[in-house]
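Following are the structures in question.
Look at the two complexes coming up: chain A is in both, with chain B in one and chain C in the other.
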Partner chain A sequence: MESSRALARLWRLTGPTGLTQARAMLLGRPCWSQQQTQQQHNSFSSSSSSVPEESDEEKKMPDHMMSTIVNGKEVWVPKGSSVMQACDAAGVDIPRFCYHPKLSVAGNCRMCLVDLENERGMSPKPVASCAMPLAPGTTILTDTDRVKKAREGVMEFLLLNHPLDCPICDQGGECDLQDQAMHYGSDRGRFVGQKRTVVDKNLGPLVKTVMTRCIHCTRCVRYAKEVAGVEDLGVTGRGGASEIGTYVNKLMESELSGNVIDLCPVGALTSKPYAFTARQWELKPTESVDVSDALGCNIRVDSRGTEVLRILPRNNEEVNEDWISDKARFQYDGLQRQRLNVPMAKGAGSVLKPVKWEEALTAVAEAAEGVSGEDMAAYGGKLADCESLIALKDLANRLGCETVQCEDVGQGVPDADLRSTYLFNPTLSGVDAADVILMVGTNPRVEAPVLNARIRKAQLEGVPIGMLGEDVDLTYPTTHLGGAPPLSAKKNADFSLALDQARRPLVLVGANCDPAVMAEVEELFEKRRETIEDGWNPISVLHQSASTVGALDLGYGAAPKAVPEGKKLVFLLGADEIDVPEGAFVVYIGHHGDKGACRADVVLPAAAFTEKHATYVNTEGRPQHARRAIAPPGEARDDWKILRALSEVMGHALPYDDLRGVRSRLCEVSPTFERIDEAPQKATYLGPKHKKGKVGAKTVLRTTIENFYQTDVISRASLAMAKATQARANQ
Partner chain B sequence: MIRGAVLRAAAVAAGALTKGGSSALAPLEGGQKYAQALGASKAWSRGYATNSHDHFNIHRDSPENNDTTPFDFTPENMKIVKEVLARYPENYKRSGVIPLLTLAQTQNKGFLTLSAMNRVAEVLETPAIRVYEVATFYTMFNRSKMGKYHLMVCGTTPCMVRGAPKVKQALCDHLGLSDYGESTADGLFTLSEMECMGCCVNAPMIAVADYTKGVEGFTYNYYEDITTKDAVNITEQLRRGETPKVGSQHRSKCEPAGVVYEDKWVPTPEGTETLMGTPRGPYCRELKKEAAEQKQ
Partner chain C sequence: MSASKGFYRTVCRYLPTLMEMYKLDELTTIRTLQHNIKQKFYENKTVKDPNRINVMVHKADEELRLLLRMHKQRHHVITKYVVMHDPFATKAPPSGFLAQFYASN
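Showing the complex of A and B:
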């Protein structure tokens, strides 16, 4: 804690560079350079393709780049780029349907045709730019008459069988085919036969299919095979008769199935819960972050009036790439159900009755009178944001209460003063750089499906994956090494060898692992410390809730399963999974009428993550802002504002009145909050931090999540998630 | 006479072309009529399968075809499976999907049940959908119950011009069927249309897949230069369990001995080698002479 405060001071004085240097100095080691791996893994990101400046003629081209001319404009791209990537780097728009940067190249829509020219002359026919590697000395022409005619021909073929049902299609207004038909489509076709019709497929309660609209780009098939890892989708039949489907009646059993909706360039795969609700231009987009797991996936919340109508992913290569989980995408209907929208207090007969805000706050203040701080307890919940967590902690501390804890903080976290003991240290994008991955007592498929897709990507590139704990299907092959540590080298010699040689091993530890398990894991790397790259910390703790890391940063501890006997006043900040014994006066501040609110004596209605400006810290320690998309329902207010008002009524007014004030208080407590959207610098592995203990011989480590679709108050209130649960159970 | 027939056929074909060509430019009404004349609506309402006897490219459970229908390779066939898999590297097992599906189909009396495809996927250690994709792509894999003899009439241009529609009609009338894709009530014959089977010289032709004798005795024979009478005769011989003459019904191979014209075998006229007369010998340039000329 001392060192982090020193860092915060330095940060204010010198800015980010100074901080990096200071941290390096403090740690006594050079910082692990992220640039190396970034170059290897994101060679096609926009930053790596630069256009030479005309004024600077002497600028030398790096060895890994090559030059080409697109429509008369010179552009530099990495060697091995495709023609399309060169056009993208030059800012020339190439129409496309089947190409997607995150999927393999299929080259079957033929919409991206361009002309190529070299010293031998023009290409004999237009070339599909997505599938054509850029050769030295090639000039690209995208605006010739031949290209235009060719694309018009392709478009006419695509529109032959595509129904003219845009007015009743959910994709209308955001449809690639619609947009590109505006450029390359004709106002009439020459086709005189009957249009093809295709049987709709049942892909479950989340993805709606209208297969007649399909143009066979096969993005969904490639996605299912390459990213989601459920090989259920395929192309059956051939030619004009081919259709996309599962052939047999089968759901797409993936936690990432919703992403096919974004991938589909037409209206063949659309969202079932969102069907026929709104047009894209009626919606107000708000950039936010997801709270359904601890990854902090970047999302866009589309709302109209007082309702969130859908949630889409936002690209962030360092966190979620292009994907979000089904829970993040479809749980939004839970924001409309079971909401607490008026303050309530227990009246006669111990029944909660709606009251005015003043009455509710006074009731709390009265209950607190004469209660000593030691008899109070404050618990943060799974979805609590940092602003409200700090307000709750400040209030509790002012009342003399030191029992400030957060639910769903794993028992494996020993020492919240050292950030690196509870963070996903290599960062999420570090998964791409890891050369061996070991999982201990975690199931990323249900705890963080988007991370699971990233690990799968590493596995496909040949990274060995070991698993200690329950042997679950993670959509990719793993080497099962036993139910719990110690990791015996005899069980799988190949994996142990890989671990011995690893320069950048990554051990994914479930947050609920026993401290003894954590100690075993640390011992594993203590032996191999020499081989590990400088500045690389293999410990990656995978938390399950959006609030956990923020709470730990702010000094919260791990909450027990039940409140200890003898507590007289208990604050629950959206904490629903803590049992409160009889006799305690419970103040519930939260947005859903779940278990916690049922037990409460006073209910103070608060805002959900879509209704407030809030900060969440993800499992790698990256603070991100969720933004207000809609207003909280009824009389509900922002959580920290409620606590601020309560503090005044209780006579211990908190020293901040606006969001800026709360956020500067956050920065005071932890420098993390100064650097929004940034993951912490790589933290060098500092050696074992856990006390050794005994791990039961028959222990099988497993995740605590039983049902992926219903883990928090929002998803439990969601109809879509209930249907998904049911569908999965019936499969 | 034969020259006349060729010319007439050409004229008919040309007529059809002009008709088609003009209708593409004509107003919609004419085009629709043309499409209906081609029987497009009828064929399309039947579904969109790749071959003429499977109706859909998706699976529909039926009593004889579902994922619980028992299927496994027999011990003898398992040996063949091993032989097939030995041809491919361990990590490219799925390359064996076509030979294994063929084997499964032949063993399973001519068609692939869902359980048969699943078994193949299991042997190849590949997701089942990858096997379904292959089975639906190729016309020679059947996914619905077949007769013991699968009669396939070639319907591609040379055979069509030489009388394939008449052969189809004769077979339908004889077997009591109304169209391609149907099987006889006794489960002996299934009639299908196939695309060009490379026998254009001996058009028209039918191919017969014989599933009566299992994998060992499986045959897939061509019967070429057939008239309607020959076609009916072949089915009757098959019904009686006899072996019809394989290959051309009227000549030894594909020597210029004659042609099926208007449902009759017409031998090549005396003194000619082809329908159009005697072919010219190959033209060869006299290089030495040309070189001498160039020097001058």
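Showing the complex of A and C:
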């Protein structure tokens, strides 16, 4: 704004012809270089006006677009774009520290300075491109001497107080400041005297702070306020004394706090568990998906040798944008602890002893001898991938067993015949399009923090959010409508009205709501069916674990809390939360020694999600591949291979020998698996599917997750998650 | 006298030397060693083609020379002629998928 006003003032004073002169004065350059740059510039503009436009003239520019010229290259950008967005569209790299596409524009680092020019001449001084709206008829120049000089000036001031501790800084090698210093930094300092130092802040056991390194870009402050919804971070003090921090000594109470580590352009905020472990160039990145909740957030697994050293988010606008939860980011140290790495079987004295694979498989085959299929049961666990689920189901069916169920499938799923009854139908990105959101018996803050950030974004845009169930703090205001449906129109007139008028309502149902609640929810929309947009299905079931939707797609049912009496042979595929009665022979196939392995008679060690090529289906029905980053430990094998080998030893060999074979079997069972990474087509709302029942008047629906940080075997084995739990409890 | 019979006698003549060189008397006796070696010969009793026999005798002769020059080590002799099987060799693996599964992931 400032610069545009200055530009206008200059035009008023000198007129268009005087501007070249004024520019020369401002730059204070010798005459010859002035002419040279002018010539260069002229050649740019002439080439840009003649070459690309001739061909583009025939294509009509859409109304919402405008054209501009960046360094002589014409680009089309949407109206209302900033100068920086135009540069990005042209593929011109603009250095930046404070600007982030997902956050509001602050414009305080001044690193993204560029020159603008319109028909009246050059801007009087370089402008911050992130904060400058693109005006029609403006040409952008990013490689003039003046811009370079201005950026060098900014850099000099930033480095003035920045410590020279790159060799011991965790950000080294992936630091924006380091990279920019290579381009714009001076090889010697002109300032003498002491550098500024700042006391480090305690942000809890996950985020490490070295506040002396901070360059005050305020990305973390804006993130905490706008995305995470916890106003814990802020700037105190003024000028040289300003500091970023929590105002009082306090943790950052957010499930998404780890994302500030990625946002920080320097090494002021880094990961505590990752501190001093590796340099970025030593790591092998693997693109994968997260299994800590049902969203299937896209992640990058960084590994070195046989260890996963860190997990970072991968951008996917349709699923997790740029964020992942703290559990997804920091639970990886659980992959090193409590691992099952050798097959075990109960010998004499009923103590588990390490055995060879042959012996373990034979022990299972012997136990299965003479047991009829009706006395067998197979249960899938929270982290089971689709390949192993289908192998388990095929094996069980070949043995004549029809009790094939998955734990953590909510009671609200009556049967898996109709896919739209158990999916998040509007899709995750559909939350952005919803005009009313109603939550029933769910707490997305602990069940899916990344989704909660998306709902918060909708709330900030004015979408009314109602809540039926326990009244919890979701980091944004909600209207509490009662403990359980039905929704009383009398008591909540405002919200009912909003729901009546909604074209795209979205009802977020917790997976553990019972069928009666689901029926009430459907009743709610039965009345309002005419107002709902065609092709929009408001029912969005939010599941809690990564395996649930995949299991339902493959024909698994909901497992009870305990295995029914009379079962003689029980297969647990990573199922730890199901009680098995005495007398059953239990085969546990999984990667962590938890409750399930403790009860087992034979333990077959399997691979965790970072150690196998696997498919997971997220809550909106989007199948995604997790890829192998490291090898499984010791004697452990891929889950589906174990089941395939077991089937052969038991005399019912499964008909697939490689990953391709299993995946084509998956496609046979459900066509979903043919469209990897794609969400299903939005299913039109077909009306009620649940039987009506009675919801108790005093029922208060609530989520089943008690502690966000520890929900599955990996996070329960993780030290970082234990520390985070403790820190939250002590707060 | 056939080539193989002659060679068998040569081997037998060298057995006491070999016993001493490789300190085999703490493990076995001349009689058992001779018996073991006879077994080795009998393993190929179906071979009648003189050319093949000559090649085999030539190879065995080379082995004998290596043994006498101490180019072999004690454990080679033990596994091949005294214990008669490799303790480190695993059972013949089952075919296909299972073999691969038992071997590695």
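In this text, the second predicted complex is superposed on the first by the 674 of 731 C-alpha atoms of A that agree within 3 Å, B and C clash if a C-alpha of one lies under 4 Å from a C-alpha of the other, contacts with A are read in each partner's own complex, and residues count from 1 in each chain.
Note that a contact is a pair of C-beta atoms (placed from the backbone, for glycine too) under 8 Å apart; a residue touches a chain by one contact, two chains touch by 3 or more.
Nothing here was measured: the structure is a model prediction, and the numbers come from that model.
Undergrad: Both complexes share chain A, so when I overlay them there, do chain B and chain C fit or clash?
TA: fit
Undergrad: Between chain B and chain C, whom does A:T236 touch in the aligned arrangement: first, second, both, or neither?
TA: first
Undergrad: Using the superposition on chain A described above, determine whether A:A645 touches chain B (first), chain C (second), both, or neither.
TA: Touch partner of A:A645: chain C, not chain B.
Undergrad: A:D534 in the overlay: touching chain B, chain C, both, or neither? Say first, second, both or neither.
TA: A:D534: touches no partner chain.
Undergrad: Looking at the overlay, does A:V198 come into contact with chain B only (first), chain C only (second), both, or neither?
TA: After superposition on chain A, A:V198 lies in contact with chain B alone.
Undergrad: Going by the contact rule set out at the top, does A:W357 touch chain B (first), chain C (second), both, or neither?
TA: In the superposition, A:W357 contacts chain C only.
Undergrad: Can A:V248 be said to touch chain B (first), chain C (second), both, or neither?
TA: The first partner, chain B, only.
Undergrad: Can you work out, in whole Å, how close the C-alpha atoms of chain B and chain C get once everything is superposed?
TA: 54 Å.
Undergrad: Using the superposition described at the top, list the residues of chain A that contact chain B and also contact chain C.
TA: Dual-contact residues (chain A): none.
Undergrad: Provide the residue numbers of chain B that touch chain A in the complex, in ascending order.
TA: Within the complex, chain B touches chain A at residues 23-24, 28, 31-32, 34-35, 40-41, 44, 48-50, 56-59, 67, 114, 127-130, 132-133, 136-137.
Undergrad: Could you pull out which chain A residues touch chain C in their complex?
TA: The touching residues are 357-358, 607, 631-632, 636-638, 641-642, 644-645, 648-649, 657.
Undergrad: Once bound in the complex, which stretches of chain A touch chain B?
TA: Result: residues 190, 192-194, 196, 198-199, 201, 231-243, 245-249 of chain A touch chain B.
Undergrad: Sort out for me which residues of chain C touch chain A in the complex.
TA: It is residues 96-98, 101-102, 105 of chain C that touch chain A.
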